[in-house]
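My structure is below; once you've seen it, I'll send some questions.
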Amino acid sequence: MRNLAAVLFIGGLGFFLFVLFFRLPLGAPPLVAGAAILEEGGETVGAANLVTAVLLAYRGMDTLGELSILFAAATAVGLVLGRRQLVVSDPEGGFILRAGSDLLFPLLLVVGLYVILHGHLTPGGGFQGGVILAAAFFVPVLARPRRGLDHGLLSFVEGLAGAAFIGIGLWALFARDAFLEPLLGKGVLGHLFSAGTLPLLSMAVGLKVGAELAGLMTSLMEAEGRES
Amino acid sequence: MLPLILPVVLPLLAAFLVMPLARMSALIARALGPIVLTTSLVLLLPCCLDPPAQPLVLAIGNFAPPLGIVFYGDRLALLFANAVALFFLLFWDWRGGNPQQARQDALMLLLAASATGLALSGDLFNLYVFYELAAVASFGLVSLSGTGPALVATVRYLLVSAFGSVLALAGIALLYLQTGTLNLAQLGIDPEPLQGPAGLLAFGLMVIGFGVKAELFPLNYWVPEVYASAPARISALLAGLISKLAVLILLRLLVLVYGDTAAPQILLFLGILTIFFGEFSAWRAQDFPRMIAFSSIGQLGLVFIAFSLSGSWGVLAGIAVALHHLLVKSALFGLAHRWSGSLQALTGSAQRTPLAAALFVLFALSLIGVPPLPGFWTKILVLAGLAQEGSALAFTGLGAILLVTAVEAHYLFRFALQLYEKVENAPAGFRSFWEFLPSLLLGAALLAVTLRINPVADRLRAITQQAADRSFYITQVFPQAAAHRKDQP
Amino acid sequence: MALDFVSILYIGALGLLLLGTFGLVTTTHLFRLILALALAEAGVNLLLILSGYRGGAQPPILGFGPQDMPMVDPIPQALVLTAIVIGVGVQALAVAAAVRIYRRYGTLDLVALKAHLEGDLARKQGIAPPKSAEKPAGERPLSPVPPRPQEP
Amino acid sequence: MLETVALILVILVLSAGVLVLCLQSLMGAVVAASVVSLGVSVLFVLLRAPDVALTEAAVGAGLSTVVLALGLRKLGLWRIEGDRGEAHALVPTDRREREDA
């Protein structure tokens, strides 16, 4: 019964979508908002990477929402897994793992920061760099599980980075009467110091995402919790 | 413009800061939430009591509408934004004492911010983001007790909700593919291409997606377990407030784009199914939280039936039913805080806590629609609208509402009689009347509305007039589009 | 009909979406449901990116290719970035809850879990546990695992 | 040329997707899911979306695989027999006895 309903629903949906396919302007969509951004994005925002311009300037509110969602998820994971002092049963990694992690840590850190800071110029940005940062901090945990990560410090970084994002937005609110309007000079298109406050926002996003994901992975790893 | 942006942003800021602050001073961290919510209320209340003639429109970051995100605060949106601040203050966990208090407060604040955003945002994808934020925050809050049932209920809710989000996102992708814009007003400027099959499919997907939180029929089987295992405060907020905000998204789409299509018929059909499912399950329910959870599903079916009525009548009826349900259902869940057991175990509760039992009777009467309580007027609005419609489906809806009203009356009276039964050792119930203070306040509000039904009705008509007017919305967001329209009639 | 580039991708996106939906509706194992959800999400993300693609265009990065070439729409790309992040957040939460649930009930089968859930709720609220129609009384949903005594 | 690459990738992604749903080993299914993500991220490159491709590769193929694998490890569930009910067999025997009593 359940499967029959499923097949019917999926068949119906698939049929609809396939039939509609011939009416949809695939491959030649009506660019409305997109065309305008392509035209003026570089000048108004000053970022060469227009995706970053959309993400942090035009649709900055979405990015704030996205940060909040990740924060909510991390908070809920903490709530679900409990906050007891957990006994980590994993043994110390072998020499190769430990040496490898020592080697990887600074490399990943630099790459992560590079990706974050060049978000407005090249593909990548706060979020992608943040994932790399999280990996940088997670690899040593894999090698030496007992040392773990300081969750207090992580929540501090997380909170302050999020507050910094909103703070930059509020600064614009009071300076120009528009929340999240990019401030500071736009600089020369394509230079590192350009696009006004965008790199700062990117930095905040990167730190927040990095701290959140690192915390998430470590708490999943440590979740040796007993029955509640 | 501050009333539009700060009620969304300040709770987010506070949520980010609660946990670091809690490490320094628990007191400050605890005070942060109420302070922020009160600030929002102070900012919003003047706009709601004495609404500006023109809606507040705010382009975030000063990026002109189709490029950036727009916040649109007409009377309806401001009313809901106000209700968010008010209800979160009412159902705030004032007592505290949870070992994970900071996390819980952070999630409450995130939920408050997302709810305000849902009321105010005028951008489809931004609405989706706020909707997801509301979903994720509520997952955390529902599983607050950490017991097995709470976790299982959360996971079921999470899977249904995530599936709904995927469908809603597919709908948004289909819309974007056809129009190249996400701005609601711009979608409304030229709705004709969207009224074909592709547009209707997109609408259907979004109805299913956003219908998850609005407790609409196919995807609402998570409701009873979640409301039965979550803390009653959270159930009150989810059933009362968040479900209405999900409905608000669909209302905007209906008014701006899909008013003249088959979409209202879809809603009417789903609404009838929802109302049957909800009320008959409520009739069979054996415990108090699940009874009112199912009854909440039934009421939302009524909301959808109301919104399917054509023209501004439907909007008026829908808003009236939604506001009435917001008031009554939040209050009933406020009572569920202590009355969490089976109906049988609550027999004779009126002996110890007569005030709570009286409140229940008051809300039950309004829910059934006994005159002169507001519930009566809202039901009359819907029934009159359905009678005017005249189609076969509309008459089916009419019959359905009358039938389920009888069912509703039966189970609510049955329970009310049980409450007043004389028994030897009556259940303890509430320890003090502080425990149902929110319900008491809401009951007083209900009585106040009953006594001053005319001014309230006038206010509702003013709200509807703005909310039901497609070209009004478009003109407010795109003044130049309106001028363009006048040139070529 | 020769398949062009865009239709191939459209079919791929649709296929992923439908596969994921199929998995979501037919599976009852919690962990596999999480995976099916990821499939559906990947399909929708592809669909969204596809809605901004136009043939013969270059990535929306200034100074990346020749000056006057048309570029693809950057908005859907930003949307998908947001959607991916949301997806991973929800996924992590689901995994964490699954871990806790498995420790509590010893199963990840949603049908069994639903039975446990109703039994537990019924016990908490002091009502008769729901009778399942298809099973005889002896094989009613197992009573949930009693909480293990807390070690000091 | 572009069509051929796309076709191969789509077939790869869809078959990996089928594997996700029907592989017995959950770890295998997780790996298949990460193959799907990787394939999709290459498709994003073909669709001129380098930012998204980078994210999908980092998140879908990396982060989410790590999260799922960590979850599986915590569950002690590298492998299960069938999808329904049989998972009970994983409960320690003493606990099962208590349940059955």
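Lettered A, B, C and D in written order, each chain numbered from 1.
Just so it is clear, a contact is a pair of C-beta atoms (placed from the backbone, for glycine too) under 8 Å apart; a residue touches a chain by one contact, two chains touch by 3 or more.
These numbers come from a predicted model, not from an experiment.
Per-chain CA centroids place subunit A at a distance of 19 Å from subunit C. Each chain gets a centre from the mean of its Cα atoms; for subunit A and subunit B, those two points are 30 Å apart. One finds 36 Å separating the Cα centroids of subunit B and subunit D.
Rounded to whole angstrom units, the spacing between the C-alpha centres of subunit B and subunit C is 25. Looking at subunit D, one finds that residues 49-52, 55, 59, 63, 67, 70-71, 74 touch two or more other chains.
Counting partners per residue, subunit B has 125, 129, 132, 136, 139-140, 143, 146-147, 151, 174, 176-177, 180, 182 as the residues that reach two or more other chains.
The residues of subunit C that reach two or more other chains are 4-5, 20-22, 34, 50-53, 59-61, 71, 73, 75-77, 79, 81-82, 85-86, 89-90, 92-93, 95-100, 104, listed in rising order. The touch graph of the protein chains shown belongs to none of the named shapes.
Across the assembly, chains come into contact as A-B, A-C, A-D, B-C, C-D. Residues 1, 5, 9, 12-13, 15-21, 23, 59-63, 66-69, 99-100, 103-104, 106-107, 110, 113-114, 117, 121, 125-126, 129-130, 132-133, 136-137, 139-140, 143-144, 146-147, 151, 174, 176-183, 186, 196-198, 201 of subunit B are the ones touching subunit A in the complex. Per the touch definition, subunit A reaches subunit D in the complex via residues 49, 51-52, 123-125, 127-128, 131-132, 134-135, 138, 213, 216-217, 220-221, 223-224. Across the interface of their complex, subunit D is touched by residues 3-5, 8-9, 11-12, 15-16, 19-20, 22-23, 27-29, 31-32, 34-36, 38-39, 42, 45-46, 49-50, 53, 57-61, 71-72, 77, 80-81, 84-85, 87-88, 91-92, 95-96, 98-99, 102, 106-109, 111-112, 142-143, 145-146 of subunit C. Against subunit C, the residues of subunit D that register as touching in their complex are 2-3, 6-7, 9-10, 13-14, 17-18, 20-21, 26, 29-30, 33, 36-37, 40, 43-44, 46-52, 55-56, 59-60, 63-64, 67-68, 70-72, 74-75, 77, 80, 83-85, 87-88, 90-92, 95, 98-100. Looking at the complex, you find that subunit A touches subunit B at residues 16-17, 19-20, 23-26, 29-37, 44, 57-62, 64-66, 68-69, 71-73, 75-76, 78-80, 82-83, 152, 155-156, 158-160, 162-163, 166-167, 169-170, 172-173, 176-182, 228.
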